[in-house]
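Here you go, one structure.
In this document, chain identifiers A, B and C correspond to the written order of the chains, with residue numbering beginning at 1 in each.
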Amino acid sequence: MAEGHKSLNLTLRVWRQANRQAKGEFKVYNVKDISTEASFLEMMDILNEQLINEQVPEGPVAFDHDCREGICGMCSLFINGRAHGPDDDITTCQLHMRKFNDGDTITIEPWRSGGFPIIKDLMVDRTAYDKIMQAGGFVSVSTGGVPDANAIPISKVIADEAMDAAACIGCGACAATCKNGSAMLFVSAKVSQLALLPQGKVEAAKRAKAMVKKMDELGFGNCTNTGACELECPKSVSISHIARLNREFLKANIKD
Amino acid sequence: MKGFFKSSIGKKVLMSVSGLFLILFLLFHLCMNLVVVFSASAYNEVCAFLGSNWYAVAGTMVLAAGFLVHIVYAFILTAQNRKARGTDRYDNQNLPAGVEFASKNMLVLGVIVCCGLLVHFGQFWAKMMYAELAGTEGQFAPTDGAAWINWYFHDSPLAVAFVIVYLVWFAALWLHLNHGFWSAFHTVGLSNNVWIPRLKCIAKWFSTIICAGFAFVVIFAACGGINTKSDCCNKEKCGAKTECHQEAPCNPQTCPNAEQGK
Amino acid sequence: MAQLDSKIPEGDLKDKWTNYKEHQHLVNPANKRKIDIIVVGTGLAGASAAASLAEMGFKVKAFCYQDSPRRAHSIAAQGGINAAKNYPNDGDSVYRLFYDTIKGGDYRAREANVYRLAEVSNLIIDQCVAQGVPFAREYGGLLANRSFGGALVSRTFYARGQTGQQLLLGAYSALSRQIGLGNVEMHSRTEMMDLVMVDGRCRGIVTRDLLTGEIKSHFAHCVILATGGYGNVFFLSTNAMGSNGSAAMKAYRKGAYFANPCMVQIHPTCIPQHGNYQSKLTLMSESLRNDGRIWVPKKKEDAEKLQKGLITANDIPDEDRDFYLERRYPAFGNLVPRDVASRAAKERCDAGFGVNNTGLAVFLDFKYAIQRLGKDVIEQRYGNLFQMYQKITNDNPYETPMMIYPAIHYTMGGLWVDYELSTSIPGLFAAGEANFSDHGANRLGASALMQGLADGYFVLPYTVQEYLADQFNVPRMNPAEHEEFKKAEQDVKDWIDKLMNVKGKESVDSIHKRLGHIMWENVGMGRTKESLETAIKEIKELREEFWKNVFIPGSKDGLNVELEKANRVADFLELGELIARDALHREESCGGHFRLEHQTEEGEAKRDDEHFMYVGAWEYKGYNQDPELHKEDLNYQYIKVQQRNYKAGK
């Protein structure tokens, strides 16, 4: 490892909330001897092991996580005021403790956005994103009977840009960071990816309308182009996709 | 288009289009103001041209509608956005560097701009276009815009205060435009990875030119730069209440106002 | 010991699948609506099966433990997906893909299944492109390919280092479409707790709602398990934290045979372990071996200095570097199959040539590729992987070589299935990593995505119909009233109460870590009779301890992550023993299963085809009872069985 590891003693302010309706509050816990080589979630594991052993009434902290390699999009957390913590282009599970100093107080909060109600502690409900996908985030082809993969050449530039958009992991950091609670970056990533590719272009208009409609229904806010979403997006999805969504949506509406 | 204006993007497009329209208006307004720097009488001619004519009134109505749409939707969108944000707020939120101040505070900046606008209306529009329409008389003739400018920023006992208020107003306008300009293009989809930085750059230049232009006129006036008794007729000589826009030197024989003044 | 019938269709290898499809029974469209299918797991296999079956008109209920089907761990696959398209014109064909897969699997996979896999591989690429998967392309606009371990052709399609993500999102999109249309009923944050058996057939599952704790049962005419692999038996693996073997174990206890559990793949290029608090290991894509060269120092003193941190990799001149894969396997070099690369790394580290402070790492060096191709090209190919590596280790791989070490990655073993992907329980199918079918004793890179999608898109939609053809007459059962369903629910409730009532002192994770340690030390890369016997004994003891001393805080109602983990670890504690048993009985080395007693003089795996050319399928006989072994003999008719050779080109 580049520099030898150090250990940290930290004070954690963790949001505890029993369920959606309950009133939440910050609880303060101390953890000791955390290696700078450990990941943030490993630090949370250590905290939970400690809380289990101490048998605290509120129990271990509930938080979402799964792949722990920055791709499943399940981990969330607002750490010291930033979605996915104080580092750029990563998810919480990729954040390492070397980003912190001995003696730091770390504030850990759940995503707070109207679209993502809290389930428990740091765990939030992001099924709204699934619902938006169900409204139109697909190409309507069924299995079988499709043309050869090389039948339609696609410019590398276009394919690359589609891939940039497709890199979205659906973690919700965009809406969680947005002062308007807007899901536009998420919606635009899918609309843009599929509008760029000839396969998706066929129903681009229908898709843009359906996904925006669902997004509005679910109570997400309106984009005011602050650009906070793209800065906090762990996959650096660009707001230029929002411009493309706007364009697609306008086009779709002008046509009919 | 069914339901378009009810959708979030539709509402944003209204903000964008009305904003772009207002931006265009600002550009015209600035051009007009700058005339006063060169010639007070020429400026007054413009004022007269945009006085109580049907086209000027119609233009004003359209402009007012643009403002109204922009303001009403600003409040509707903000209310919706606050609701979407949810009831819980973050204990602390450190947005990463790179989020423009203006983009987070467009409503506040907009309200400041509106307040400035009300002052401006009271000072100029009410005394000029409205006075002309209503036929009321003021300190100066409704078409003597240069005189009004000179009064507020130079002769009035509150001139310094007015200058400060106007400069604050322009600063807010600068910030509002800075974000509003590129954001408007983004919202109607006229932007991409290449054009976002370009539009942001154009926005900076544009808002700086607009606001610096307005500020320049105010400061120019504050410094006494507007000669209301300039190249036109001399009031003491012919006794006219309003300027007659005749070429200097004044000829009381041909001055249309000289008659009434007597 | 009974012989298993794998129901391989008649005919020439090339014609088997076509013949099957042409003669199988189908369900008419009107009757499809009357049939319910449960799909557990929403990874590549599950999502694609659920979507395809729903498109056909079946009523599908899909289940996943994550908050969304898009989170399944297929998403983490990096490198790519194989297909026999032969776009690069380098000599690929269906037969060659089939041949490479069988050979890579060390001749322990079923010919007919693998041939079918190779056959449908091309359809998968077509399907994914049609769904809008942004595969990498050449400037001419056509699809790009790269090479992977165990193959001499470039047949791997990829989407940067996120191929699994893009393929899964494609399947998830198709699934989402069907959910939106009302053809799939999606249950997320729901864990399968047991199967429901009615008259010897699988007729549904019992689930626990992970948020409310509610135990509920669901009816279906057939059930598909696409629940992934069981690598987390080892605690540390490249699997997701939630990946588990419980669904397979519940099926095993209900009578489904568990095949080749000892066939576990250890991936050679993972980031080495850094501490005992570590929760998981991170894989660095195998595609890195295309351009990275693997080495350790030639001189032991250099290795010792590296271990003490006195020098760095860049201080060692080229002539003192031992590119051991290129040295030992000149034909394939750094692109030997995973099992071979992993063992070679372990061999060097065991010999004292490891390069980090624990002595358990080797270098993967991009210096040469950067010299040859330029930094830009390398960044384009692997940029996101390099970034990921740097975030985790704080080292910059453009400047210093990566350090890597093998880690548990994939399980070739799984529920035994026949040609139709049906387990030994009628009405229960297994797909993707959850079954054992296609990879033999070792899986080649970029073949897991291929198999998952092949099963889901192109195999199950046919074979499930064969089973269902006479099932539309079976009326839907009401779980609330049906005795078997009520009983199954009660059994699950009892099981949970049993877990909650242990009320011991040790946390679930702590016991899981101990299990992982036993497994890695004794059932890991180099297994012996003694180590396996030790493992069986220690796992048994640990299992007893678990049931006496595990501590689960909170209650069974509502969200209780510790209870979820306890349920999974309880199953791992039985599965771990089964793995060790299978490894003990298999007195040979093949693929991922390496018995130190059975190796050639050069240290290569030594198979015993005479005695072990079969699939070992285990039947559950009760808690703490010895399971019974069933065999399915493997007959190679279209391939010449030989010693795997990655040394020579011919």
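Observations
Here is the rule we use: a residue touches a chain if its C-beta (ideal position, glycine included) is under 8 Å from a C-beta of that chain, and two chains touch if they have at least 3 such contacts.
Keep in mind that what you see is a predicted model, and the values were worked out from it rather than measured.
Of all chain pairs, the one linked by the largest number of contacting C-beta pairs is A-C. Taking the mean of each chain's C-alpha atoms, the chain whose centre lies closest to the overall C-alpha mean is A. Note: centroid distance chain A to chain C, computed from Cα atoms, is 26 Å. Averaging C-alpha coordinates per chain places the centre of chain A 42 Å away from that of chain B. Centroids of chain B and chain C (each the mean of its C-alpha atoms) stand 67 Å apart. Residue positions of chain B touching 2 or more other chains: none.
Looking at the complex, you find that chain A touches chain B at residues 13, 15, 24, 26, 78, 80-82, 88, 107, 109, 112-115, 118, 177, 179-182, 212-213, 215-216, 219-228, 231-232, 238-240, 242-251, 253-254, 256.
Interface residues of chain B facing chain A in the complex, by the touch rule stated above, are 1-4, 6-13, 77, 80-81, 83-96, 98-100, 103-104, 106, 179, 182-183, 186-193, 196.
Across the complex, chain A meets chain C through its residues 1-5, 19, 35, 37-39, 41-42, 45-46, 49, 52-53, 55, 59-60, 62, 64-74, 87, 89-90, 94, 96, 98, 119-120, 123, 125-127, 129-130, 133-144, 146-150, 153-156, 159-160, 162-163, 166-167, 169-170, 193-194, 197, 199-200. The residues of chain C lying in touch with chain A in their complex are 48, 51-52, 55, 66-73, 75-76, 85, 87, 123, 125-143, 159-160, 162, 164-166, 169, 172-174, 176-177, 179-180, 186, 188, 211, 238, 240-242, 274-275, 277-280, 282-283, 309, 356-357, 387-388, 391-395, 457-458, 461, 507, 509-510, 551, 553-554, 558-559, 561-562.
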